[in-house]
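Below you'll find the structure, written out as structure tokens, and then a few comments.
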Amino acid sequence: MTPSLDTASESTNNNDHLIKSSDPKHPANLIPDLCKKFWGLGWVTGTGGGASIRDDDLVYLAPSGVQKEMMKPEDIYVLEMSKQLDPKKRIYLRSPPTFKPSQCTPLFMAAFTKRDARCCIHSHSQWAVLITLLLEIQSQSRSQSQAQAQTQTSSDSHRVFEINNIEQIKAFGRGYQKQGNLGYHDTLRIPVIENTPFEEDLTESLEEAMDSYPDAYAVLVRRHGVYVWGDTVDKAKAQAESLDYLFQLAVEMRKLGMPWLSDIS
Amino acid sequence: MTPSLDTASESTNNNDHLIKSSDPKHPANLIPDLCKKFWGLGWVTGTGGGASIRDDDLVYLAPSGVQKEMMKPEDIYVLEMSKQLDPKKRIYLRSPPTFKPSQCTPLFMAAFTKRDARCCIHSHSQWAVLITLLLEIQSQSRSQSQAQAQTQTSSDSHRVFEINNIEQIKAFGRGYQKQGNLGYHDTLRIPVIENTPFEEDLTESLEEAMDSYPDAYAVLVRRHGVYVWGDTVDKAKAQAESLDYLFQLAVEMRKLGMPWLSDIS
Amino acid sequence: MTPSLDTASESTNNNDHLIKSSDPKHPANLIPDLCKKFWGLGWVTGTGGGASIRDDDLVYLAPSGVQKEMMKPEDIYVLEMSKQLDPKKRIYLRSPPTFKPSQCTPLFMAAFTKRDARCCIHSHSQWAVLITLLLEIQSQSRSQSQAQAQTQTSSDSHRVFEINNIEQIKAFGRGYQKQGNLGYHDTLRIPVIENTPFEEDLTESLEEAMDSYPDAYAVLVRRHGVYVWGDTVDKAKAQAESLDYLFQLAVEMRKLGMPWLSDIS
Amino acid sequence: MTPSLDTASESTNNNDHLIKSSDPKHPANLIPDLCKKFWGLGWVTGTGGGASIRDDDLVYLAPSGVQKEMMKPEDIYVLEMSKQLDPKKRIYLRSPPTFKPSQCTPLFMAAFTKRDARCCIHSHSQWAVLITLLLEIQSQSRSQSQAQAQTQTSSDSHRVFEINNIEQIKAFGRGYQKQGNLGYHDTLRIPVIENTPFEEDLTESLEEAMDSYPDAYAVLVRRHGVYVWGDTVDKAKAQAESLDYLFQLAVEMRKLGMPWLSDIS
């Protein structure tokens, strides 16, 4: 009955007004919608994966451990980006009553700070994992052909997924602060970083990969999944879908003995 | 309150009355419904693909870059077909406030003008792309067996997907201005054209393929997808679904070492 | 306002009262519900496949050519079974205003008359088609190993799909007029008949297969699909789902080099 | 109008108050919701599989033979756990008017009594079945390489599915009464037991497998499926989804010639 008081008490307690909106495009409504869709695509199975949206200086995050297809706006964390650059001092403007912050938070932040992205999607899609496994094999067989017996599969650095001459590549932007999209004959390159026991420890290598591949809108994590971002929520989603499409196609191509790179002009 | 004035202002501004109807069978309602279904089938992933419906002289088109499963009637473009034969002078009777016209427009127009089709569907289905890749390999290994070493894979013209003796073939009409449907023993032939960096540049080769295969209701585009049309919306949809079914089956057949053509009588 | 008159006029015209019911279990409501589900499973793609339910002496049938996931009760045909034994004299008690009767009608009738079934489902599932193709190959390689060169693949009679030692087999009844279900160690046998250019011409061979395999609740049609029936609607659906599960599993087993029959005790 | 009387009559008749609640988290509402989702995942095809939830001393069970995606709260059985330790004396506090108790009941009870689980899920997922088949082959080829010709495939005891170095492994708890979850480098081990003609006869070997693998949250049943449980409903569901993800990935890895165990540090 007294809205001003209600708002005051909400602000005091937990800033719940930040995640309450009747606008379906509000980040607190969009993240649950996206996650439900991603669950149907097999990207966030068993509470894995997630998504984050940045609106100006506010960052909205799905929590850890939630059944992603049943998420609600009340489950969302909110951060002030400009005040959160030191991950050890991270303070949430708004926290859900249950759940823990996602270990992916520093990785989402990397896309927002280093690429000025508006949305970052983390998928555990099997197609992404299989691509990293196929690159492992390729790397191993190359080592073996160089007569360097090597049973451990670690420390294969600078791996990258490359594909060209597939129409769906045109869904990707040319790169950070560049105009336009990739062309049909262009090669899409997605770097692969090593997985680590604790997800937040991926941050450094993710940032290195971003530096090494300044035009990439995604980074694969070996035996884990992929991070994809975009200049808008729509572009992040379209690039994430298109990448998963290319990963699945690439696995099928490998099964049928076809190379991912070809020379068509 | 003054409907006549409203209509007038709509007409003046953007002809929004053309895409407003309570009839679920109206093209402006049907296209979003179809696109939502196609997204579920993996045909329009990441804003790729699309659909167009012609109603007498009016052509309704999905725009470029829209998330196809979330399209709304307001996103639809409308053209007058008889006035649009020269693609360089194309003027839209009605345009959505955001979005750009689809690069597929001249390809949809080809189905409408050369085949008098009522609906044309453009799918990026992975099964369609894999069929074109399998035909590439076949063509390459044939070249190699003729001792013509050839690492480039371009300029393989006159490729065609052929399959017979599968019940689902009966879903296809016998051809333009012919009565009845293909029979179980008939061979379905779908020509394949080269992909081009700009989608509108496909128009000429699409029209040539239509001339060379006058009975085909579809044209595959190498490493890109497929265009399928029909004499009605229902027939276009049934043929598009049946073709995707045959593409998927054909990929599985290839994996299991079975030929697409057989001699059963 | 005058219901008695309405009913009278309906009866006179087309017996529409036969397909109007608020009971979700009424055959005219159940068939569209089932077909929508089957479309999602890939069984009735592109208007293929269908379903029929018998309620005492009345037979309810999906029409030919309808988009199965969008079917409505008004699209349903109704027959009086006792008066329809001669297929050439078939008269429909109720017909939809558009559409044609399904060519599957005599095949559904065979399940109703020879097996006293209450529901018969016809699926074009790719798994069913692939099973018939895998049996073809097996039959051909057997012929070749007997040094009988044979490029035509016709006239392979008495083919049958056999599988045992899979839990899902327990979903099947022991056979017509027998109590109880198959056990884990029992062998499920589904005969395969040749496809014909006209679906109604399958009737004779379907009935022969029913005679040769009196305990089977399904008959595969080569390069076409499968007919499955049951003593109730629920049993027909459960058997159809279980059979599709077994077909898919069997294709995967073949890809991984595993036999369908094993000797476990 | 007189709630006390209604309750009394319900208690007297069938304790229907136990399965009537407006709370979506009530077990009688949750089980149908979960089963509908599992049907979509292919885990409970054709009435196979099921789920059970324990709330303190009450155990809620899906019945045998129901179409799992159409289950309703009224279809649920309820047991008092403390009074049901002897399976031969099992008395249901509440029974649905139709249906039979599930043969899985003693297996669900084993998870509740031996592991203090709150939810147990039984899936017939094809990926689970294929994993047990792949382990069979591995075991057979090992036997053959030891020159022990063995055509029967029975009595391969102590089989276990093992996988490591996949991120999704982190979805699993470390084990019964242990804190925390498995790490990326830890090996997930799921024992496999022999299938039996009658599902309730699995109980003894399931309990033995639980004793031999005290940290496992799941047991595979050869050529049948998997039982997965959890300390909460959410954890049981997340572990069941994650396990199915790992099974599917493992089948793909095998197809591509990759080992399930690797040495990464």
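When the chains are written out, they are named A, B, C and D in that same order, and each has its own residue count from 1.
The definition used in the following text is that contacts are C-beta pairs under 8 Å (C-beta built on N, C-alpha and C of every residue); 3 or more make two chains touch, one makes a residue touch a chain.
These numbers come from a predicted model, not from an experiment.
For the pair subunit B and subunit D, chains touching both partners: A, C. Shared residue numbers account for under half of those found at the interface formed by subunit B and subunit C, and the copies are therefore classed as meeting with different residues.
Rotation angle, subunit A onto subunit C, C-alpha superposition: 180 degrees, expressed as a multiple of 5.
Computed centre separation for the pair subunit A/subunit C is 45 angstrom, with centres defined by C-alpha atoms. If each chain is reduced to the centroid of its CA atoms, subunit A and subunit B end up 32 Å from each other.
Looking at subunit B, residues 255 sit in touch with two or more other chains. Working note: touching chain pairs come out as A-B, A-D, B-C, C-D. Subunit B meets subunit C in the complex at residues 165-168, 171, 183-185, 234, 237-242, 244-245, 248-249, 252-253, 255-258, 262-265.
Those residues of subunit B that touch subunit A in the complex are listed here as 42, 45-48, 65, 67, 124, 126, 129-130, 133-134, 136-137, 151-154, 195-197, 221, 223-225, 251, 254-255.
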